[in-house]
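A, B, C and D are the chain letters, set down in written order, and residue numbers restart from 1 in every chain.
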Amino acid sequence: MGITLSGDQYGKAENRVVRIYRDTPRHEIRDLNVGTALRGAFTEAYTVGDQGAVLPTDTQKQTCYAFAKEKGIATIEQYGLDLATHFVDTVDPVSGARIEIEEYAWQRVLVDGTEHDHTWVRRGQETRTADIIVDDSDGTRRTWVIGGFSDLVILKSTGSEFHGFPTDKYTILEPTTDRVMATSLVAKWRFSTVYVDWDAVYDDVKTIMVAQFATLQSKALQQTLFAMGSAVLEAHPEIVEVRLSAPNKHHFVYDLSPFGLDNPNEVFHADDRPYGLIQAAVSRDDAPDAGPAWIPQRTWLT
Amino acid sequence: MGITLSGDQYGKAENRVVRIYRDTPRHEIRDLNVGTALRGAFTEAYTVGDQGAVLPTDTQKQTCYAFAKEKGIATIEQYGLDLATHFVDTVDPVSGARIEIEEYAWQRVLVDGTEHDHTWVRRGQETRTADIIVDDSDGTRRTWVIGGFSDLVILKSTGSEFHGFPTDKYTILEPTTDRVMATSLVAKWRFSTVYVDWDAVYDDVKTIMVAQFATLQSKALQQTLFAMGSAVLEAHPEIVEVRLSAPNKHHFVYDLSPFGLDNPNEVFHADDRPYGLIQAAVSRDDAPDAGPAWIPQRTWLT
Amino acid sequence: MGITLSGDQYGKAENRVVRIYRDTPRHEIRDLNVGTALRGAFTEAYTVGDQGAVLPTDTQKQTCYAFAKEKGIATIEQYGLDLATHFVDTVDPVSGARIEIEEYAWQRVLVDGTEHDHTWVRRGQETRTADIIVDDSDGTRRTWVIGGFSDLVILKSTGSEFHGFPTDKYTILEPTTDRVMATSLVAKWRFSTVYVDWDAVYDDVKTIMVAQFATLQSKALQQTLFAMGSAVLEAHPEIVEVRLSAPNKHHFVYDLSPFGLDNPNEVFHADDRPYGLIQAAVSRDDAPDAGPAWIPQRTWLT
Amino acid sequence: MGITLSGDQYGKAENRVVRIYRDTPRHEIRDLNVGTALRGAFTEAYTVGDQGAVLPTDTQKQTCYAFAKEKGIATIEQYGLDLATHFVDTVDPVSGARIEIEEYAWQRVLVDGTEHDHTWVRRGQETRTADIIVDDSDGTRRTWVIGGFSDLVILKSTGSEFHGFPTDKYTILEPTTDRVMATSLVAKWRFSTVYVDWDAVYDDVKTIMVAQFATLQSKALQQTLFAMGSAVLEAHPEIVEVRLSAPNKHHFVYDLSPFGLDNPNEVFHADDRPYGLIQAAVSRDDAPDAGPAWIPQRTWLT
């Protein structure tokens, strides 16, 4: 029987790198969770246990922390490009590298109405993410950058409908023309270039998505997601694909009629499970090939 | 052998009550996690299984949702007072009630620079809490309100020292005059009255604590906590006790010397476990008796 | 205004100590999560930032790991006694120490039907706990040991009733004579002595509690808890108090009638939140004073 | 600009279905977390909000609970096949369905040494999983079944080496010939048929993997994973591919030398983050096409 190894990658996940810039009294902070994954000619490590080609995951970790000083962390996209390029360029058996980064945002505290120089509270909203992939496996250098965020919890208390759906013998849902719509959005967008003002684009993409969510009279979460993705593609030529995954966090109108109380969409139970789950990709027709860009490391099999 | 039952309480934990105010196009939202616990003459339920005195926890749940409509949720403190008073006043065997509330804050999204009427994103920072206790067990009505927050993640990148400590044979820690200090603060403050502008006091207490954390040149997290609590007591005569629990979230200066790199407090590893844990109560000398106010429900035994 | 500091304690939480005994080819493993908390004359650290009396939490951590070698970990109770006694005996300003331990159980894997010498899988069930408190604050040495477990998830599919309860205007619950009863039990038991066969007692207490849960025809979770606690007190004279906290993990009979299906307690929805929460202490009438034994460290304020 | 929708799917995630079989006094229990995802001609829902083809996620939920009664849950694989086939066969616009199931195992409690008829404790170890995919999108019915488990926490205290690796300027790791190796394994295996004794194969696959982990003198986690996957393929002709993802849960030998203590691999610190992460697929050379089988629902974008 022939057995083939495929799709193997290895790395160091969840390096908690914090970088303080303190060249002036007004410090800056970057707070990251960094994962590295290397792909390449590692078959012998699997088949016979030969580590001769396996740069230790500990070394990958050291590199993450060292680069925070040597290269700095201007943006997570640039820092990820530095790391991925380094591994592919300098480590012989490595033909591909994937860097997955989460960034936790902080905001300066106000003291007497003034932003403090070196104290922050963590902004809890969405987590900014970046996936950077550099690949040499077919002899040609290719690079992908995917920006994104996870866990943007957003809710609208009206302006959402759901009706006109088909029914079968298991359908008891009542149609509605006014409901709460809430989600904890994961969004990722793929760039066709690395010449990007990463921070500015991030802010604008988030602004566009939030505005679409708020202003579209929604006939379904599907429609809202498509509108969010399309609006980003229309505004940002450097983005070629947007992927969205949105749990429908159900807010059920609570039945207060046993207590003689009317409840015109005022009191809700926020349920945990189950939840709807809506997912889609929206891409330009001329989007270049995504290659391995969408194959994750940390959640590869889960 | 004589066996005694004591400290029994029962209730419904984690009711996820969401209340939308939609009397005008500009909606308002209150998003709560509510727990109820009743104390009283319930011994027979334990000893012989007689439910004749046990108002079902399901009824407690229904009451939470019904009161969100009937009484409304102006503030979590007032809503909690309404619930606790109701249970003690109307349910015969109940001599005491405890209501524990967490409130998740939302902020309006901006669309074209303007706050939207009915769309919000969840502010992720601290969770506001309230514990309301009403007790009739000795024939006299007593009421306690404890305001608070949990999980305020705050960090200062300088202005913190730790030195001058004793050493023993297991001490290898080096003293430092400049370190990162970070915590995820839990704070609770006990009021001596219910005639309080709850929202205004909450905002001010948080502002005071944050300012103390930022501006005090700290010789230890202990000192910072004491300053935070004392400053609140000095500014708010209606508050008689402040309790604080602060994990010392260690940010270790990463050793970059093997790579020929200097690291003057610029690159850190944010470690998960273990962590220091510093706790204290700061109270007025003339604070009235706390009675059962500090005995929690959800974390009573954990 | 006079301000008083009280209840202060500090320590190192969640030290993840793993001890392998490898004196023979058949290894043994102890896998712990250890917290230390010291109480004593530390006021100056809070009020003026003087660390002269503050044994660093880092030192407490080092001691945990060093004692795993020096004293060993025969049982978590004995290891905790060693640590608590050490801190009170050898560190001058310390008048009290609290050690909180969780132990994760492992079981040997079977290879060809035989227990393997040095490979285990983690048993996921309940987590064994111990709280050890040594106190000298009034000049007399007192010691408390509390055994326990958390998160024993247990379910019975019949043999549980709930009826005969009072009703009010918010009561819509229907009485039942047959329901699923499930909980994730936290139990702690206080010893009056340290001369105990800790492992044997732990096993027996768990066995007794499980048997009571299984065999008692339950009229309420309250009754089941009381029976569990009482049975332990009756069988173990060295235990003087049992505390129990039990979420009522609701399994709702799913309404299949819209689909023309009968559902005689066969298909359930396991709901997350809210849940009932029932708590009580059962103690001997002649139980000695608990002192500070029940004041936790890690969950002191949460 | 042309914009294309792709990869869209929607469904109801995390239905917590519990099924009790009570035809005899000796009850049986199946405790599941079920997700459904449908693929097909849903473009109009995205582009113009037309729900005419969108079977509600609520209906999918109802079907999960109804099928627990109508079809029963003999195994999660069969139950998933019933659900997936139903959606593709009976709902017109649906051309593909994916069912993702987690099963929580319970074991009967012992009372006086005898297994109890209707009381269980949850076995906490690994969670058994199944992914069932039915696809008609190209006019031909294709079916895939993937068995698996997540979170099998397994540790060996010797029999693991790591040396012979390449070094660069960021490498400071020391080689070792004896270390603790621990992981929390996720494994999934793809079947080429649906005519399988699902429970028997599950048990045997787990047994094989555990035995390989225990007995192979490991030169790297990579080698161990490959051996585990290969051994499964060799023993089970009905399995054509095995995927494995294994965090290297680091157990660092604690440095006790400052305290004059030797530590020959006896005392460890179990670290949380970062962790190594090793992943690979092992497949037969003649494995049939996997189609969409490996594209997950719940973790599609995270």
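In the analysis below, a residue touches a chain if its C-beta (ideal position, glycine included) is under 8 Å from a C-beta of that chain, and two chains touch if they have at least 3 such contacts.
Please read all numbers here as calculations on a predicted model, not as lab measurements.
Interface note: chain A and chain D, two copies of one sequence, contact each other through mostly matching residue numbers (shared numbers exceed half of all numbers used).
Separating the CA-averaged centres of chain C and chain D is a span of 31 Å. Once the centre of each chain is set as its mean CA position, chain A and chain C turn out to be 38 Å apart. Spacing of chain B relative to chain C, judged by their CA centroids, is 23 angstrom.
With touch defined as above, residues shared between interfaces to two or more other chains in chain A number as follows: 15-16, 62, 66, 170, 172, 258-259, 272-273. Taken as a graph of touching chains, this assembly is complete, with every chain in contact with every other.
Remark: chain C residues 15-22, 27, 29, 31, 62, 65-66, 68-70, 106, 109-112, 116, 118-126, 152-159, 180, 207, 210-211, 213-215, 251, 254, 256, 258-259, 261-272 touch chain D in the complex.
Considering their complex, residues 169-170, 172, 258-259, 272-273 of chain C touch chain A. On the chain A side of its complex with chain D, the touching residues are 1-16, 35, 37, 42, 45-59, 61-63, 66, 90-92, 150, 162-168, 170-173, 186, 188, 218-220, 222-223, 225-226, 230, 233-234, 243-245, 247-248, 273-286, 296-302.
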